[in-house]
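Multiple structures are listed underneath, in structure tokens.
Same chain, two partners: chain A is paired with chain B first, then with chain C.
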Partner chain A sequence: MNKDVWQIGGHELTSRFFIGTGLFPSPYVQKEAIRESGAEVLTFAIRRINLASTEDDSILQHVEGEAFRYLPNTSGASTAEEAVRIARLARASGLSDWIKVEISANERTLLPDPLETLKATEILVKEGFIVLPYTSDDPILCKRLEEAGAAAVMPGAAPIGTGLGILNPYNIGLIVEEAKVPIIVDAGLGSVSDVAQAMELGVSGVLMNTPVAKAKDPVGMARAMRLAIEAGRLSYLSGRISKKRYASASSGHEQFIVK
Partner chain B sequence: MGGGVVGLSCAFELQKRGHQVIVLEIGRCGGQASGAAAGMLAPYSENVEGPDDFFRLCRESLRLYPSWRDEVRQVSGQKFEYTESGSLYIAYHEADRLALEGRRLWQSEHGSSGIVLEGDELFGQEPKLSREVKAALYTPEESHVYAPDYVQALEQACRLTGVRIFEQLGQVTVEDWRENLALTALDGRSFTGDRLVVCSGAWAKELEDVFDIRIPVYPIRGQICAYEAEIKPVRHMVFCNQGYLVAKANGTLVCGASEDVAGFDTTVTERGIERLRKWNKQAFPFLAEQEPFHRWAGLRPSTQDGFPLLGPLPESSGRIIMAAGHYRNGILLSPVTAQAVADYIETGSRLPAFAPERFSY
Partner chain C sequence: MQLIVNGETLEMEARTIQDVILHFGLEERPVVVEADGEIIAKEQWPFMEVRPMMKIELVHFVGGG
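Here is the complex of A and B:
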């Protein structure tokens, strides 16, 4: 069997776990949890970073010297214009040319603004960024973002940090069916079962922060999530059985009848 | 066990309530993180995500502080700085406004009268602040103490109320705790009592095997520097996502803290201090011209979930009580910790969110 790898913007990835660097109880736990997650891509809010010297930033200094790819995000932006401005700052600092577009207009739900997200995606793609928009779980919108040149599309499972799990698995399934770029479920996952479900729906990866960082044991949870991603992925590739209404014995009589 | 701010506070509170307390300290009282701390009493600036159990504990401790301070001052006869400066949490991006506003909203329901300041209003409050700062959350309720003096006053208050303090013990070994309490120091002296309160901060993990329980406490090195600043150039405690600045009454401006993972090493590194200097001049441009005159480091006892271990060990019939893992907030949490420990001993009351056995299975 071929190695199960995938690509974003021409870069090959093995891990399907994108992990956020925020909210960890301490740098020690953060480091250990990231290591245990096996993640190759780290994500963080640009506004929380000291862009003038990123290698000395209070968060990034702890992962310095390791071969991570950075996916900075524009969280806090409430318009496309603002998101574009933040993205340019991040690229100018030499952090990364990958950008997660995250535009929220409501401080209570932090749900993404679909119109501004599409607008920002169009602009940033033209400017040569590798754009991964965080968006609502609308199949048509996700397709539009792909057509606008997004390198991957990241529909939310539920609002950020809620841990509610996949509120609309039907939509996530449709999004995957239609997509020609990787689909990454971003935001709202809470537990290992949510993660396995996402992977079974056929998404290419998941992005998480809160469910790991705020667990009682973030290091243990990072490992649990990594295993869930693996299990879910393998289940998706292996093909689950179809559901039936009535029992069918797993050791049927017929097969034992000597003919 | 442990003569840091937590151990001394527990000792003082218990002695006041009529118990006979002995403090066992391997070095000298306040010689580690307690003496190195900047003394920020800032539950709102230290908890930016939401009102969880830890925030509530921090806030309760801030509420207790004024009367606690008065008591420690009065009993010890020693003054220590306690400044009600208020704090500013500054932001450089328009995009931070949403987060500041969100924080202000939930914190206003929990005792903060904070407001978001910008422009002239902000620079009027803090004149030397960089004009690059777009907005700040001003929290009038936050204060700071001068930690070395506070801890010294606590120690004196303990001594004057009859606490017996043994320092420079080198090492203290728990020989028995299941049936009776028996501890020995390196020089062979032995100690006993009815109960043992473990306040050994970053070193608490050493007792895992003794108590047969997981104690996931990890030392995080915090490096701090101070500038000479006779005319207070910074009026509030100023926080940003990289660290904080606070002007002390003794004419110094303290800047902290650069965190890293370095085991029990308390060496100050060039890189660690440079890290502070790189961001602090962005907040206050006048600092670009200044050289810190003092640099030091301490070990913060962080825990696996960020919460302290506070309460009795389950198998010890209440004989062993943990009070460790206060991470960045030992000074702030000292009064509430002392109260929680004393209340448990007197009434059996517990704080389930901080139960020490929560990591064991």
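Here is the complex of A and C:
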């Protein structure tokens, strides 16, 4: 098989695993998990510096010196305006012009606000960002985000951190069929079976944080997820059999010994 | 002078953004500064004068998904 590369905003990627950097039990475990994941893209959040603490709690000190692409998110934003402000702050770091638009209007579900997400995507694309909106698994909405200039569109499998897996595989499949930009399933995945299912539906990649960081062994789970992505991707490219209602024997009926 | 830094009103000796950064010992850290809604590039810190009750945000990257 040829090297299975893909692109976002003109940047070539080999790994299909975007990994989040929150919730890990320690910086050491996080670093090892990132290594095992094979991820080339790491996500971050933007927050106020804790001025009461002299300790450097910046995430960057733990990943510096390695060749990652940074995907900061706009978490904490509940409007397009707030997301645009956070995106500008993220870009001012000089580390990345990629931005994951994440706008939640409901604290209990953290589900994305689709209208604000579209609005923020339009603004940020005009400002020259490489925009990856996290959004609902609605096929028309995903198309609209693509038309607004999103470099990739990231529908959620289920609410953030729930591990419920792909609640609407039919929609994810439709989104992939219609898309001209990469589709990345972001949020709600829980296990390798969810990940393999996502890849079999034809998505270009998956973004995960909680299912790795909160696993009993995050390093082992990072590797398991990487293998699931590879397996699911290869299965998608290889073409699974269609489902049948009744049995069909593997060896045929022609030369049965007992007849 | 009184400044509102990361949402808290604080009294400090500062003439420029650079002074504020030094006040908190952040000169070696990857910090992004916003003053009254405008992002201030690092090169501008020594020249950007602060004024009373200026809203200053000092932000950085933390873990997230």
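Some observations on this one:
Convention: the second predicted complex is superposed on the first by the 242 of 259 C-alpha atoms of A that agree within 3 Å, B and C clash if a C-alpha of one lies under 4 Å from a C-alpha of the other, contacts with A are read in each partner's own complex, and residues count from 1 in each chain.
Note that a contact is a pair of C-beta atoms (placed from the backbone, for glycine too) under 8 Å apart; a residue touches a chain by one contact, two chains touch by 3 or more.
What you see is a predicted model, and the numbers here were worked out from it, not measured in a lab.
By the document's definition of touching, neither partner reaches A:125: not chain B, not chain C. By the document's definition of touching, of the two partners only chain C reaches A:92; chain B does not. With both structures placed on the common chain, the touch criterion links A:47 to chain B and to chain C. Applying the stated contact rule after C-alpha superposition, one finds that A:208 touches chain C and leaves chain B untouched. Applying the stated contact rule after C-alpha superposition, one finds that A:23 touches each of chain B and chain C. In the overlay built on the shared chain, the residue A:107 is in contact with chain B alone; chain C does not reach it. Looking at the shared chain after the overlay, A:8 reaches neither chain B nor chain C. Of the two partner chains placed by the overlay, only chain C lies in contact with A:60; chain B stays clear of it. Of the two partner chains placed by the overlay, chain B and chain C both lie in contact with A:75.
Put simply, chain A uses residues 23, 46-49, 56-58, 75 to touch chain B in one complex and chain C in the other.
If you check the complex, the residues on chain C that touch chain A are 5-8, 24-26, 29-32, 34, 37, 39, 41, 57-65. Across the complex, chain C is touched by residues 20-24, 30, 43-49, 51, 54, 56-60, 70, 72-73, 75, 85, 88-90, 92-93, 95, 160, 187, 207-210 of chain A. Partner chain A is touched in their complex by these residues of chain B: 49, 91-99, 101-102, 105, 216, 218, 220, 241-243, 258-261, 271, 274-275, 278-279, 282, 300, 302-307, 327, 358-359. Listed in rising order, the residues of chain A touching chain B in the complex are 23, 25-29, 31, 46-50, 52-53, 56-58, 61-62, 74-78, 82, 86, 104, 107-108, 215-219.
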